[in-house]
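In the two assemblies presented below, chain A is common to both, partnered first by chain B and then by chain C.
Coming up: the complex of A and B.
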């Protein structure tokens, strides 16, 4: 079986029609579903948060069979993810796409369990600490996209689980948990 | 029954008369009654189609095909005399009639020369066609005595002096030449508007550059029309002069042929349609039940030799099939490609062949192109592509568009499971495909 780095590719990745946007409705719906699953799987294992349409995203071309997705097809598959809440466009021209292999709600749950696991229920820490600090090492939070992290934190703030405040340094924010 | 008096006419499956060798059709007339006022038991055959050939006068009932048995004919050789049209006050209120005398046996059956008795048969022309020109053609055909030249049927005695007449008169073609053309031109003015417009559309399609000429001719037509309206209020010589000039002009532009067609009216396409239905059977069989409209156009015109038909005529003739009970149909694919298909032909059979084609190891790996399919199916590539697209629409195939071209593969998408993208079911097409691809 073919691999992409450490990622194991399904057999149909070598099926040439997989790389042509199918015009027939039923076939196309199935094709889109297969692409959505593959993109989410790949991004989750490779910790990819942002996919640029015009950038070299390894999944979008297959040198073995010399096929690559057209711009239209890329946009169609990512749009399908967006419409399901599994991705968000980062710009109006649909050039960059934020992939949510965990939904915001799921990310928020992960943060809660991280806080509980580390006994931080009433503590204060910065956003950057959460992304790259010692505590988060080995968890899914480590190295996560800042945009997504902020969205998840805002979600929790809205629920009254924490408060976000301006920190001492200009480019970082503090979090006060109150679980 | 008409059979008691007239011999039955043999028809093809599509309702066209079966002609004898050497027999040529001369004219058609629709909505004609055939009866004999002298013979009380002679049936009144109502509103049929009369076909005049060099040998016979055929009467076909309306809606042929449903009751072909009632069609019959009068052999021209049985005609003893044709009465010229009576011009009387009475005739102005009647539908025009054509009368002729035929020889009969003692019990009234129409027979070729040598009958003991005679009877008068009347044709009543109810349509808006011109009975006078038909009468003229009947005269020509009768005097032409073509049946003698093509070898008289067994049993009929050759008349005396046959040798002297057949040489000079036999097989005289129907009226042609300038006189014929002008007469048809005259017919045209009676139904000018539509026919002329049709003619011009024809012209337009053929030579787009001739737009100016069409406009000019259109202008002339309007002037001619206004000229004929003014006739009652006194026409001066100048106007008459220009009218003739324009006649010549219009003729030289070449719009006479659609008018000829128009003079046969709707009948032309009807008859053409039936003839075509008979004709396509053999090429259709050879092509496997479906044939491109363009191919038939070539074959049909080649078979016709000189009397070529336009693509538009072909299309009209094909569209008329819906109304007749014939075994072929016109089919239009989504792409716009039109084909002739026999009604018994089924797509399922073709799809089965396509399925077995794309499941071959070579096709599983590289897919098939339209020309690959054309070879397997024995049809033209354009047609093969239509089939492939139709199969794609049914979910049997899917496409691969790449710099290498446009190819089709067996559709695996519908088998795959998005819940588990690594799942491979045993004995599925997917597993067959994986084996074929990995063996290379």
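Coming up: the complex of A and C.
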């Protein structure tokens, strides 16, 4: 079986018809299910947050069997993820897709436990610090997508767990926790 | 000399008939007794044999298959009932019922992928993986036996022969001769094209398309439009399973 780095590809990735969107409903549902799992799995292990439909995404083609997914198939698989809340389109033309291997809610929970683990319950830090600071090193928050992080933070702000405010520099925001 | 008719003659004749009948009955009884005795001996021998080779029968699939064959030849079915001597002695009934349940499980689990048609080979392989912990090895012969026992539950399960290969069908789809011929053709590469079906089976394009469309609708085939020659391929997961398919087959 092929591997992409550490990632073990499933058997169906080498079976040519899985690269053609199936016309029969039951078969297609099964096909979409397998692809959804594969995309989420792959993105989670490789820390990929955004998939561009027209970009070179490794899963979209398999040179070994000389098959690649049509634009229609790519959109179908990602749309299926979107409809389950595991992804979001970043634009109206469906060119770029945000992959949520953790739902926003789960990301928010991760932030809470990060804050608690580091005793930051009523401290202040910036969004960038959270993504790339020393404290988050080794956690899932390190290097995470800014769009998703902001969404998760807004979610927490909504629940009154923190306040987001404009920082001194224009391109970064500060967070004041109040757990 | 002519025998004279008379009452004495008739009586003599009747007496002789009676004698013959008695003798006949005696002979018949003797034969039956002998037969019964032989059968009893045979049965005890068979029991002895089974008892002696109990472990072999349980653990060695080849031996088990030969034992079944021997039983079939003499008209004994160790699987006929779960109760009684054979089951108690060998626990063989339970073994096959267990297999049956696992086979149903596997067929259901793989149905979305293969449309309810699975090769015996693949089924055996999955069964083996599933029973890793169990002591006994399972042969294709055991699978077939377990499937034949499933028949009592209705017509859900059937074994179809395709050339040398055997497929197990777990959906009520009726496959006609055309479908079988296509499946047989597909065994070579795992797929067929409309052209190929027309050429190899000398069918009209309508007949080929019709049969392929039906197989597609039934979930037994998957289409593949990705080849660079632009010809649509119809793949059959039941004859070339995803897991056993390796990319080198096409290159």
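Just so it is clear, the second predicted complex is superposed on the first by the 179 of 179 C-alpha atoms of A that agree within 3 Å, B and C clash if a C-alpha of one lies under 4 Å from a C-alpha of the other, contacts with A are read in each partner's own complex, and residues count from 1 in each chain.
Keep this in mind: contacts are C-beta pairs under 8 Å (C-beta built on N, C-alpha and C of every residue); 3 or more make two chains touch, one makes a residue touch a chain.
This structure is a prediction, so every number in the text was calculated from the model and none was measured.
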For the three-chain model obtained by superposing on chain A, do chain B and chain C clash or fit? clash
Partner chain(s) touched by A:64 [first = chain B, second = chain C, both, neither]: second
Quick check on the superposed pair: does A:36 touch chain B, chain C, both, or neither? Answer first, second, both or neither. first
First (chain B), second (chain C), both or neither touched by A:15: both
If we overlay the two complexes on their shared chain A, which of chain B and chain C does A:26 touch? Say first, second, both or neither. both
Touching chain B in one complex and chain C in the other: list those residues of chain A. 11-12, 14-17, 19-20, 22-24, 26-27, 30-31, 66-67
The residues of chain B that touch chain A in their complex are 367, 392-393, 395, 398-402, 407, 409, 411-414, 416, 418-419, 421-422, 424, 430, 433-434, 437
Chain B partner contacts - residues on chain A that touch it in the complex: 8, 10-12, 14-17, 19-20, 22-24, 26-27, 30-31, 33-34, 36-38, 41, 66-67
Where on chain A is chain C touching in the complex? 11-12, 14-20, 22-24, 26-27, 29-31, 64-68
Contact footprint of chain A on chain C as seen in their complex: 112-113, 115, 191, 216-217, 219, 222-228, 233, 235, 237, 242-243, 245-247, 250
